[in-house]
Amino acid sequence: MKKLRLGLPKGSLQEATFQLFERAGYHITVTGRSYYPHIDDPEIEVVLLRAQEIPRYVAEGVLDAGLSGYDWIQENEVDVVEVAELVYSKQSRRPVRLVLAVAQDSPFKEVKDLEGKRIATEFVRLTKRFLAAHGVNATVEFSYGATEAKVPDVVDAIVDLTETGSSLKAHNLRVLATILESTPRLHANRQAWNDPWKRAKLEKLALLLKGAIAAYSKVGLKMNVPGDKLPDVLAILPAMKHPTVSPLHNGNWVAVEVVIDEHQVRDLIPALKAAGAQDIIEYPLNKVIP
Amino acid sequence: MKKLRLGLPKGSLQEATFQLFERAGYHITVTGRSYYPHIDDPEIEVVLLRAQEIPRYVAEGVLDAGLSGYDWIQENEVDVVEVAELVYSKQSRRPVRLVLAVAQDSPFKEVKDLEGKRIATEFVRLTKRFLAAHGVNATVEFSYGATEAKVPDVVDAIVDLTETGSSLKAHNLRVLATILESTPRLHANRQAWNDPWKRAKLEKLALLLKGAIAAYSKVGLKMNVPGDKLPDVLAILPAMKHPTVSPLHNGNWVAVEVVIDEHQVRDLIPALKAAGAQDIIEYPLNKVIP
Amino acid sequence: MKKLRLGLPKGSLQEATFQLFERAGYHITVTGRSYYPHIDDPEIEVVLLRAQEIPRYVAEGVLDAGLSGYDWIQENEVDVVEVAELVYSKQSRRPVRLVLAVAQDSPFKEVKDLEGKRIATEFVRLTKRFLAAHGVNATVEFSYGATEAKVPDVVDAIVDLTETGSSLKAHNLRVLATILESTPRLHANRQAWNDPWKRAKLEKLALLLKGAIAAYSKVGLKMNVPGDKLPDVLAILPAMKHPTVSPLHNGNWVAVEVVIDEHQVRDLIPALKAAGAQDIIEYPLNKVIP
Amino acid sequence: MKKLRLGLPKGSLQEATFQLFERAGYHITVTGRSYYPHIDDPEIEVVLLRAQEIPRYVAEGVLDAGLSGYDWIQENEVDVVEVAELVYSKQSRRPVRLVLAVAQDSPFKEVKDLEGKRIATEFVRLTKRFLAAHGVNATVEFSYGATEAKVPDVVDAIVDLTETGSSLKAHNLRVLATILESTPRLHANRQAWNDPWKRAKLEKLALLLKGAIAAYSKVGLKMNVPGDKLPDVLAILPAMKHPTVSPLHNGNWVAVEVVIDEHQVRDLIPALKAAGAQDIIEYPLNKVIP
Amino acid sequence: MKKLRLGLPKGSLQEATFQLFERAGYHITVTGRSYYPHIDDPEIEVVLLRAQEIPRYVAEGVLDAGLSGYDWIQENEVDVVEVAELVYSKQSRRPVRLVLAVAQDSPFKEVKDLEGKRIATEFVRLTKRFLAAHGVNATVEFSYGATEAKVPDVVDAIVDLTETGSSLKAHNLRVLATILESTPRLHANRQAWNDPWKRAKLEKLALLLKGAIAAYSKVGLKMNVPGDKLPDVLAILPAMKHPTVSPLHNGNWVAVEVVIDEHQVRDLIPALKAAGAQDIIEYPLNKVIP
Amino acid sequence: MKKLRLGLPKGSLQEATFQLFERAGYHITVTGRSYYPHIDDPEIEVVLLRAQEIPRYVAEGVLDAGLSGYDWIQENEVDVVEVAELVYSKQSRRPVRLVLAVAQDSPFKEVKDLEGKRIATEFVRLTKRFLAAHGVNATVEFSYGATEAKVPDVVDAIVDLTETGSSLKAHNLRVLATILESTPRLHANRQAWNDPWKRAKLEKLALLLKGAIAAYSKVGLKMNVPGDKLPDVLAILPAMKHPTVSPLHNGNWVAVEVVIDEHQVRDLIPALKAAGAQDIIEYPLNKVIP
């Protein structure tokens, strides 16, 4: 049987990744040799690896495809095909930033002030490229972790990921520059992508994953509307949506159904009610495919 | 930008309150200074305070509005506007009672038997008003907690909250009288209520919160019905509901959809099936706005 | 008031059982005397007992009905009425097997090789019947637990339950024969079953429990389809389902709604989209009654 | 190498048993096949089994010796050699009792009132022997657990273990008779006991286990005493102890050291101080061998 | 039997209090009615109450004695006998301070700047006395908790307890004045203190509690010393201690034993070794009675 | 004030390191900026860093000294002074091994079979040196973790640490060669070592840490012995120990005290008792300094 060999990130993103696949319709369970979890699709083989290494192994062909951040794809300096951007981190659903940071009260004001200084980072190549682009010479050393704590006692600056900035703040660090914004990417080996079966499999997977992600932030709304109020109600619903309007049995009422962003609900519901909609219900969704 | 300053109860109700707001469409996250959580509506500022103090700060104008129990609004003896009653405690969804209790085997039979006795309570003012109304003189002392354990060794009676009565029972206490029934209330400062922007904001908030609470105990039912069975099916559905009946493409079947109380489901589903309904599904709801 | 006395399994299945009843519309809470939980249906009385004992107490009339595995019904050698098979274990939703197992590297190849040997099991009667049917004489001793660990140092073979086989593997055991496949069964006392009120009550309960179980593995799909694409879309939907097709207000589009097995979704959604369906949404279900 | 095959109880006593062996100088760690833990004495092999089964396997020679309760030794009706009584349960350090109990408000007053009734128990043989000795005929059925909850709805009486009686009280049960008092026993197979090497090994083990148990409830006391106060101090120290009195370098003081029961300390220390002892210190002990 | 009725603090200090009593030789276990824990001394009855209320109940005679902070004794403005100061909080073993604090960036520089301002505190009486002593008029309101979070949005200043100051810092507060330093106190009702039996009981209890506290920070040191090195070794040992010097059997060596503060060990051990001491061992202590 | 800047390992060894320092007499608490924990010695400043990086920072002079494994000192290829070997890992107290491992069923039999293969490891330099010493050319790639899971699907061999070998076994790996044995080392910067104050500080620290480690596996034994039995008792006690023999007050008895390895106790105690020793007690130790 043909198989798609897929690398998924072990560690902090693992749980969220498994939940995303669950919503997309793939049940992954960790059994036996724990780095080879079971997935209920015999055409896929999942390997759990560190996010840092997945792009390298995808590029080398050890994996057909993988899920990792744009940051690590760039750090590995590899040639892979980006299949889909998947913003699914539950907490923020926004990109992480790779930043150059220094001590709050240090004299460094711009990148070039770091000439001749020492910088610790997990992203040695990205940092060197960034410094080179700014014409700055500095010592860049690999950091095994706890990077933020090294300024100012151990190094002069760091390059590290930040989501909300709160950890930087807690360490009294100041951002000097943003090197990169990063989101998770489903990416493929170039040769695998040229295999029609693997490409079709990946495109189907991407469709379902994106459908599941879309559903995280959307809900269904359903309401009954007197026929004469329908234009008012439709005028309120966002233009880009396609409301489903179906006639009702009794008299000239219609049922209107629409999928909208959850954060619009709190403004829409009062407006719809004011426009004449009745019996409005909001219900949760598993997937949304446009 | 205009802002509504809203006090939410810190402590035992906090988690349930945050979940209620989440369902209503407002995401609250505790970050940084933990008593000023972030809410994803720039027009609202949330302050976490003890339920005991919220009515006082609403009345004084430190807050525009707040969520606290009717018990604490009464204990604080303040003049505030009640915007909505919100029964959202997940466990019981019923009022708590403020009761006067004595030892199971004590000789006290009615309120006036407490003449000259000692009573411990967190609700000193409510207790004094209640005793005065009954023409009873007794020493009422403030209790910092563990109130139920004080009878009979430390005091003769207590005034305390009870939900199911099981804690009273476990302490071998007997209820002599119920002073008050209490539910959570969204209440506003009188001046804030007279400000049209704040009042509109509060009414919108109340609409969504009540819609979310209503959805806790309701579900959606959908079924296919042959046209000739429709009257039988409609006869079964509760009169006060508005079933949505939509014609089906194939032949003379109709689809019937209705929102009902979850606890009615177990009687309705067998009855609907017996009346000719087919392919009945029940689905969960996020909000229900009549 | 008439009451149905119902035994539910205490221990490993308890939580899953309570969740199943919750989905079916019955709220069970453990309060007070913990083996007599509260259920919000005054016509039912729940007793928590070991799964091993429930069939015996049902047969003896101590209970009107109970939930236990087919394995224990057989082991108890009792005469009860099977009301419904309920496969609701969340993890696997597949039967457990009662197997005869020996050490991986033992010389035993078939059942008759166990002639004269020692076998430990919780299922003494079932094992004796199985051996007798194979014309094998062996010592069968009751095991209080940790049965798998007893081979080969303590006994020659065991008879034990297995779900995935991973525990057998971890103990280096090899399956020699499968004695039984078992799933949970709602079963009734014969006399209670002949009481019309109790039988109706049990049938209603079974209907709702099965509806809740069906919903675990099903989802609702809804989509908009241009009239001319409807045949293509309907051709894709599984034959045994009854899609609900309703005309839409605007032009010649229709809305198609169907309930399908969740594991079909990942193949159906791409196919439906390819066939012309738009705005496909998938939503969760609480109950599905055919 | 010669080996002593030793069965230790799996489950609720396991942790306390491992700690006791640790204090006695044997480190047991659960690794690999979890029922065969590692012990750092190459002459001992440990097997973890249910306490219920250990006496049977000791009697049959599967084990050379084992640790189980007197209750299970009696229930198994086996012939084993009792090597040592080891009261090491950390909480109470007192025997458990096997009692016959009935509902608090039942009419049963003495054992013979149970004539013809139903009794549930894990100790079927002990119960039958007890009833026979009292000339009572009753149905005794094996209970898989949750025994206390079965009175009065499922059976008329139970025979179960109790330590403090609090669980009986919580289930509204009343003790009708005590059948047995039980403590843990190190017991040996009769043949193994006749093997000099195994017997010596067991006696050494028993010496160390008893030394460790003794130390749980004892402490060391040390103090300086002026020579002329020595008689007064010695008069206070319990007669059965052997205080170690050693001369001090400076002048005519002596150091007095004694091992005493911890619960005597609170009376002794004030008395010793009053009698002239100074610089009293109390220190913890690992083992006490008389 | 005579009984000493003793109030112990419920809540954050409870666990540390129980451990202290355990070390002192009294085992307290929470069973049954949880505010009346069991203590293994029939002459003592323990009642668990809030620290805030204990001094009041001691003064009123509901309790014979109690353990609470100096802060609450002062806040209650009651007349009690202080039996012993017991600094046993495991973390810091130093007093807590009751401080008047304002926002870091507020204009308030000294106490009198708070004239006419609003202050929140749990210590209303202490605060009013302090302000009166400084000739300042301000509104002092009772705070139910979360006091630190109220500055500056809700009140201008607070009076609250602080141990390390880290919580104040986290809330951006600045200390304006220290009102009180507080440590736990064993205190007695004046009448109980005059009862010889109760007084003796309390003095014995205080002796053991202080002995246990002293042992937290002390260790025993023991070493062998050649006779001619003894003066050097004794010169190093702290003057206020009484080393126990005992002659050894073999030759002219002596054994030296001393109890010292644990934090001195790291300086003493290297010095003792340099002075000729050998085989130095350090061992833990349970109690130290001078 | 002079300060010693000391790097301690963050992560898996952190807790054990803090406990070791606690036993040695230094209390470390993590407060505020969590990588700079507080130590109660004003002459030491602790920095928490990854074990991998500590040797590098010690060599560069960012730290005066640090605690890390011999493995990481070698991997960093730095010139540092080894102050003390400290085997304090609580579980095994034995060295970890850095091994070259391959799949159980792979054809690789010796190191040179890996010619041209791919090897993943966290120890890139050590691995390259080892291969070079064996005249083998292979691709060595840095592994970010989960190294053992990469054989055989991702790489041909790995170089990784192992303590008990159980993780290797669980991954079906076979050891081809041991590259290194490693234990924790207190190591210093060469320049710091030449500073007399820092050297003295480090030597004192090493003395106390080694004293604390020695006490983990040792206990104190004390017994009373009749004078005529003393030679027999002394003959049993290990030759290299120095028993402390002190005359007793009463008659011709002596007290014998000795510090021995805990694992000898179980053989010594029965022997000592047999030789005539009485009232043997064993007590725990905090530190042992020879």
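As written, the chains take the letters A, B, C, D, E and F, and residue 1 is the first residue of each chain.
Heads up, the rule we're going with is that contacts are C-beta pairs under 8 Å (C-beta built on N, C-alpha and C of every residue); 3 or more make two chains touch, one makes a residue touch a chain.
Because the structure is predicted, anything quoted here is derived from the model rather than measured.
*Asks:* Strictly by the touch rule at the top, which chains does subunit C share as contacts with subunit F?
*Replies:* A, D
*Asks:* Please determine the option from A-F, C-D or E-F whose contacts repeat those of A-B, over half of the contact pairs being identical by residue number.
*Replies:* E-F
*Asks:* So, what's the distance in Å between the C-alpha centres of subunit C and subunit B?
*Replies:* 38
*Asks:* Taking the mean of the CA coordinates per chain, how far is subunit B from subunit F in Å?
*Replies:* One centre to the other, that is 59 Å.
*Asks:* If you average the Cα atoms of subunit B and of subunit D to get two centres, how far apart are those centres in Å?
*Replies:* Computed value for the inter-centroid distance: 52 Å.
*Asks:* Would you mind listing the residues of subunit F that make contact with two or more other chains?
*Replies:* 246-247, 283-284
*Asks:* Given which chains touch which, is the overall layout a line, a ring, a star, complete, or other?
*Replies:* The chain contacts form none of line, ring, star or complete graph.
*Asks:* Give the pairs of chains that touch; include all such pairs.
*Replies:* A-B, A-C, A-F, B-C, B-E, C-D, D-E, D-F, E-F
*Asks:* Mind pulling up the subunit E residues that touch subunit D in the complex?
*Replies:* 24-26, 31-32, 40-41, 204, 207-208, 211, 215, 220, 230, 242, 244-247, 254, 257, 259, 283-290
*Asks:* Mind listing the subunit B positions that touch subunit E in their complex?
*Replies:* Going by the criterion above, the answer is residues 10, 33-36, 47-50, 52-53, 57, 62, 143-146, 149-150, 153-154, 171-172.
*Asks:* How about subunit E: which of its residues touch subunit F in the complex?
*Replies:* Residues of subunit E touching subunit F: 164, 166, 219, 224, 246-250, 255, 262-263, 265-266, 269-270, 273, 278-284.
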